[in-house]
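The two complexes that follow have subunit A in common; it is paired with subunit B in the first and with subunit C in the second.
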Partner chain A sequence: MENKFKKITSLWIITVLILFVVAIILGLLMRFNQGGNIKLDPVTFYTDMTIHGLTMIGIWFVAGMAAVNYIMERYVRTSYKANLIAYIMTVVGVLMLWGAGFIGKFHAGWTFLYPLPFKIMWEQWATPLFLYALLVLGVGWTIWTVSLMISLLKKYTLSQVFAWQHFKRDAKPEVETPPFVLISMISLVGVLSCLITAAALDFLLLTEYYSNGGFINDALLMKNLTYFFGHTLANEMLYLGLAVIYELFSEVSGRPKWKTSWYVAYAWNLTLFFVLFAFLHHMYMDFVQPETLQIIGQLASYLASIPSTGVTIFSILVAVYGTKINWNLANLMFFIGTAGWVSGGIGAVIDATISNNFLLHNTLWVPAHFHTYNALGNVLFSLGFFYWFSFQLKDGIIKDKHSMLKILLIVIGGIGFLAAFYFAGADSVARRYANYPEEMASGKFWATFGGTFATIYLLGIILFIGGILKRCFGFVFSRV
Partner chain B sequence: MFRLCLFTSIVMLTILPAQSLFSQSLGDFREEINIYNTLYDAPLHLVGGADVSLHELAKDKPIILALVFSRCSGVCNPLVLELKENLRMLNLQQELPYSVLVLSFDPWDKIEDMQYMAERFNLTNEPDWYFGVTDSINQVINSVGFKPIWDEKKKQFDHDALLAGVSTKGKMTKKLLGLRNSKDLRMLVQSINKVFIPSYRLPTNTSIFTCFNYDPETGKIVPGTGLLIIIMPVLITWLTVIGIRMAVRKKTT
Partner chain C sequence: MQSLLLYLFLILTVVSTSVFIYVYRSSIKAGDKDGGLTNVLTKRMWFILILFVVLAIFFSATVPKSPYFMFKDEIPSKSVNVTAGQYFFYMSYSAINPDAPTSEPIELGVNELVEFRVTSRDVTHTFAVYDENNQVVAQTQAMPGYVNNLRWKFEKPGTYKIFCLEYCGAGHHIMRGSFTVK
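Presenting the complex of A and B:
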């Protein structure tokens, strides 16, 4: 592996981890404000919420991309230039977003649902700055995504890259598609669709902004585009993490490498298709959306999640059941992360069932499930990779002190933090409230409870990432 | 691929400015103004002698509020007449109870003027019909979002024909501007009885990419150009994937 890829990946890791700690602190401030333990004015709360959401989604997406790019170098040559451009544009885009939020007080939520960006309750310039920030991020990420696709398609044909030659049960194909290549390509296709959708959304928003009332957007179209982009991206970034697990889990556990079997090929191809329709479950309460689309939303939510979850759990269980595994912090993070991903997925499928959605829509059940598959799922996938990667930089041997303590703090802190969201959600406490009114009084108790456990989670994270940061910084500033 | 992107961009870039040049209005959102606000709880003097507040009157049965004035030579008479006819035809009282309050917004109107009006429409003895005046008419019309303008030359108010639905909690749940058909009136009565009423966006010149368009004549929903924008990213993605593969294959052979 060329050193420049190690350097750029180290830079990504350092950036992601620093932003992660800041974003968790914003999350804690929100939770303790909801609990009445501290007092933020509502504008600060919603600014923090917007920046927290966008930063978290952004960093864990790029973390997945950086990991996939690093590992992809094992199979094909990737473009260092595209990786670097994406890094620079991400830093510039994040600075612009934070400027719009922290200085301009833009606070329309991470989904910036239309027409909120135009209900200007902040500095006038913050809305265009926010929209241009999205453009910068979108362009950088599109260049990176397309360049990774080009790298894969130079070596694999279309049917090979999607593992269609593996569909036959007893197939012995000439060219085997590694699961990592299959899942990466499927995720990249989804990511590109999201980014083009985001571009269309941004274009329509900017057009309305500059048209002085001459052009008005259709609210239903904008909501569909927003969730096509937002929901699908949140899913695809998980799949990027899973691609890494399919590659590294067996390797760091001292087990034989995983291969693409017919059911893995089928499951991921189904995901490729159905994940594009799952976002429709965000529209259940939009009665103007025809009923057929609502039903498609429910079916697609099941069909996108169940096959890929099924084969991943199966593969991991087969790998660990009754065999000796070299457990270390990397594969433990992958293992616990998969459990978190599945638990969050169950929470999501419950909410994506129309009859339940009547009760759970826009309650804290929603942040409950997406924080589960992020804070105890995708984040752990990437932390597992970061950990493994940082040891690659040193001597390749994974040894660590206090592993158990770190894991316990993250898991116990994480479970308590998430439980508070679930219990409050089941008690109909609405999401996105800076201060809970009397009708949702239980929300206050759960917020303090969740905030306390989230502090334990943060402690675990700080202990966990200390060594990784040290090794990555050391490598970035070394002369090798 | 490149040509397709170029073509789409050119189409979008030409349609949008042209669209804004020819656009005339921002759409009529007057029916949305102050919706779900609590109406001012004005003390009412009703024909027949009763003195109650607006919220007290609405407490037992939600109200259809018609704002008129007795000297009106314009839309007031057709408004009340059509309301009477439509309600009689719909015959909703059993399933969806309501009362009708015909309130004068003219500060010069006296209770006798409203009594005369009720007689003219033959509604004096009709149960659930109330005619009245109030000393706090400005607060009422402000809370409704109704803006009559006095025309000194004609000695008349220039005003909309307006019906407002008021729930048992005194909240305005729906407004109807203009003389409307019985279907719309049924929706208003449903809305004050807490029955969910789907709404639809009024067509405007300024919005071109709609997902679905509602045709009030047929009551049908038809797909719009906005749906294309939702499908487009997936199409472009697949064209890109296929295009890349074709391009790299050409290069290697």
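Presenting the complex of A and C:
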């Protein structure tokens, strides 16, 4: 592996981890304010909330992309230039978003649901800055995504990259598609579809902004576009993490490499299809949305869970059951992350049921489930990769220190932090409230409870990432 | 109902996490020559089939209970217009002028079918009804340019509160309303 790829990957990791810690601190401020332990004015609270959400979704998406790009070099030549452009545009985009938020006080939430960005309750310039920041991020990420897709298509044909030659049960194809290549391509197609949607959304928003009232968007269409983009991106970043697991879990465990079989090929091709319709569950409470789409939303949300659980989770359990594994912090993170992903998935399927959503929609149950498959799922997938990668910068031999302490802090802190969301959500406490009215008094208790455990989680994260940062910084500033 | 969903979640999560812990422990105990499961594919098929059947049962049991189908064939005895705006709910039996909205006290009968016609004069809000135990009983979105019709029968008398559940700006958490059921 060329050192320049190791350097750019190290840069991605350093950036992601620093932003991660900042974003957790913003989250802690929010929870402690909700608990009445500190006092933020509502504008500061909602600005923090907007930046927290945007930063988290952005960094864990690029973390997945950076990991996939690094590993993909094993199979195809990827473009260093595209990787670098994406890095520069991500940093510029994040700075613009932070400028719009921290300085301009833009606080429309990370989903910036139309027409909220146009009800100026902040500096006049913050709205266009925010919209252009999205454009910068979108262009950078599109260049990266398309470049990776082209790299794959230079080596594999269209049917090979989607592993269609594996569909026959007893097939012994001349060209085998590694699971990593298949899942990466499936995820990249999904990513591209949400980036195209984001471009359409941004274009419509900018057009209205500059039309001086001459052009008004349709709120229902904009909401559908927003959630197609937001929901799909959140799902695809998880799948990027899974691609890494398919490649690395067996490798770091000292087990034979996983291969693409007919059921793996079917499962991931079906997932590509189902996941594109799952976003419709965000529209359940919009009764004007056609009923057929609402039912498709529930059906797709259910079906999307079958191939991924049936194949990925089962594969990991089977690979571990009764088998001697070289356990270390990297594959433990993958394993625990998969368990967390299942729990988050259970919470998600419950909420993706229309009759349940009628009671749970936009209560704390929503952040409960998506924080579960992020904080104790996807984040752990990426941390497992970062950890493994940081040892590749040296001799490749993983040397764990204080493993039990780090895992206990992350897991116990994570469970307490998430439990607070579920219990409060089941008690009808609203999400995204700076302060709770007396009718939601239990929210205050759960906010303090969750914030305390989130502090333990943060402590575990800081301990975990210390060594990674040291090795990555050392490599970036070395003369190799 | 919300408590039941919480218990369902907790039970399923404890079960799935226990499986992971059990599998992990089996790996710790395994010797060098232990090869794990045999005939994996058959087991995988059973796993997927069971999952599919469970989800199919859930799907067919829950879809008819979706709010779009509730009280669909009945005629509401009362309709209430609701216009949400930063950061108020305006409710009236008669039409509401979005440029000069006004409210009137709303009083509904127990088990009376009421239709709330919900819209917004600015950004997207939620019209979420909370009972006297502070639990959500019904909700729909208030979206500019659209009217969402929510039909409901309140089984218990009392004062019902309304909160906004869709983030709508810095005053989101202070937005509230109420009506009585007698």
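We adopt the following convention: the second predicted complex is superposed on the first by the 480 of 480 C-alpha atoms of A that agree within 3 Å, B and C clash if a C-alpha of one lies under 4 Å from a C-alpha of the other, contacts with A are read in each partner's own complex, and residues count from 1 in each chain.
In the analysis below, a residue touches a chain if its C-beta (ideal position, glycine included) is under 8 Å from a C-beta of that chain, and two chains touch if they have at least 3 such contacts.
Worth saying up front: this structure is predicted, and the values here are computed from it rather than measured.
Participant: Sharing subunit A, do subunit B and subunit C clash or fit in the superposition?
Facilitator: Aligned on subunit A, subunit C clashes with subunit B.
Participant: Check whether A:60 is in contact with subunit B, with subunit C, with both or with neither, and answer first, second, both or neither.
Facilitator: In the superposed model, A:60 contacts neither subunit B nor subunit C.
Participant: Does subunit B (first) or subunit C (second) touch A:322, or do both, or does neither?
Facilitator: In the superposition, A:322 contacts subunit C only.
Participant: More residues of subunit A are touched by which chain, subunit B or subunit C?
Facilitator: Answer, by number of touched residues of subunit A: C.
Participant: If you stack the two complexes on chain A, which partner ends up touching A:112: first (subunit B), second (subunit C), both, or neither?
Facilitator: neither
Participant: Return first, second, both or neither, reflecting whether A:288 touches subunit B, subunit C, both chains, or no partner chain.
Facilitator: In the superposition, A:288 contacts both subunit B and subunit C.
Participant: Is A:207 in contact with subunit B, with subunit C, with both, or with neither (first, second, both, neither)?
Facilitator: first
Participant: Quick check for you: in the superposed arrangement, does A:218 touch first (subunit B), second (subunit C), both or neither?
Facilitator: both
Participant: Mind working out whether A:334 is in touch with subunit B, subunit C, both or neither, as first, second, both or neither?
Facilitator: Neither partner.
Participant: Across the two complexes, what residues of subunit A are contacted by subunit B and by subunit C?
Facilitator: Touching subunit B in the first complex and subunit C in the second, residues 218-220, 287-288 of subunit A appear in both lists.
Participant: Quick check: in the complex, which residue numbers of subunit B touch subunit A?
Facilitator: 12, 16, 19-21, 23, 26-27, 196, 198, 200-201, 204, 206-212, 221, 224, 226, 229-230, 232-234, 236-238, 240-242, 244-245, 248, 252
Participant: Which bits of subunit A are touching subunit B when the two form their complex?
Facilitator: 146, 149-150, 153-154, 157-158, 189, 192-194, 196-197, 200, 203-204, 207, 211-221, 224-225, 228, 276, 287-290
Participant: Which bits of subunit C are touching subunit A when the two form their complex?
Facilitator: By the definition above, subunit C touches subunit A via 1-3, 5-6, 8-9, 12-13, 16-17, 19-20, 23-24, 26-28, 30-32, 34-37, 40-41, 43-44, 47-48, 51-52, 55, 58-59, 62-63, 65-68, 86, 122-124, 126, 128, 130, 134-141, 143-150, 161, 163-174, 176.
Participant: What residues of subunit A sit close enough to touch subunit C in their complex?
Facilitator: 42-43, 46, 107, 109, 111, 113-116, 119, 121, 218-220, 223, 263, 285-288, 291, 294-295, 298-299, 302-303, 305-306, 309-311, 314, 317-325, 327, 335-336, 338-339, 342-343, 346-347, 349-350, 353-356, 358-363, 422-423, 426-428, 430-437, 439-440
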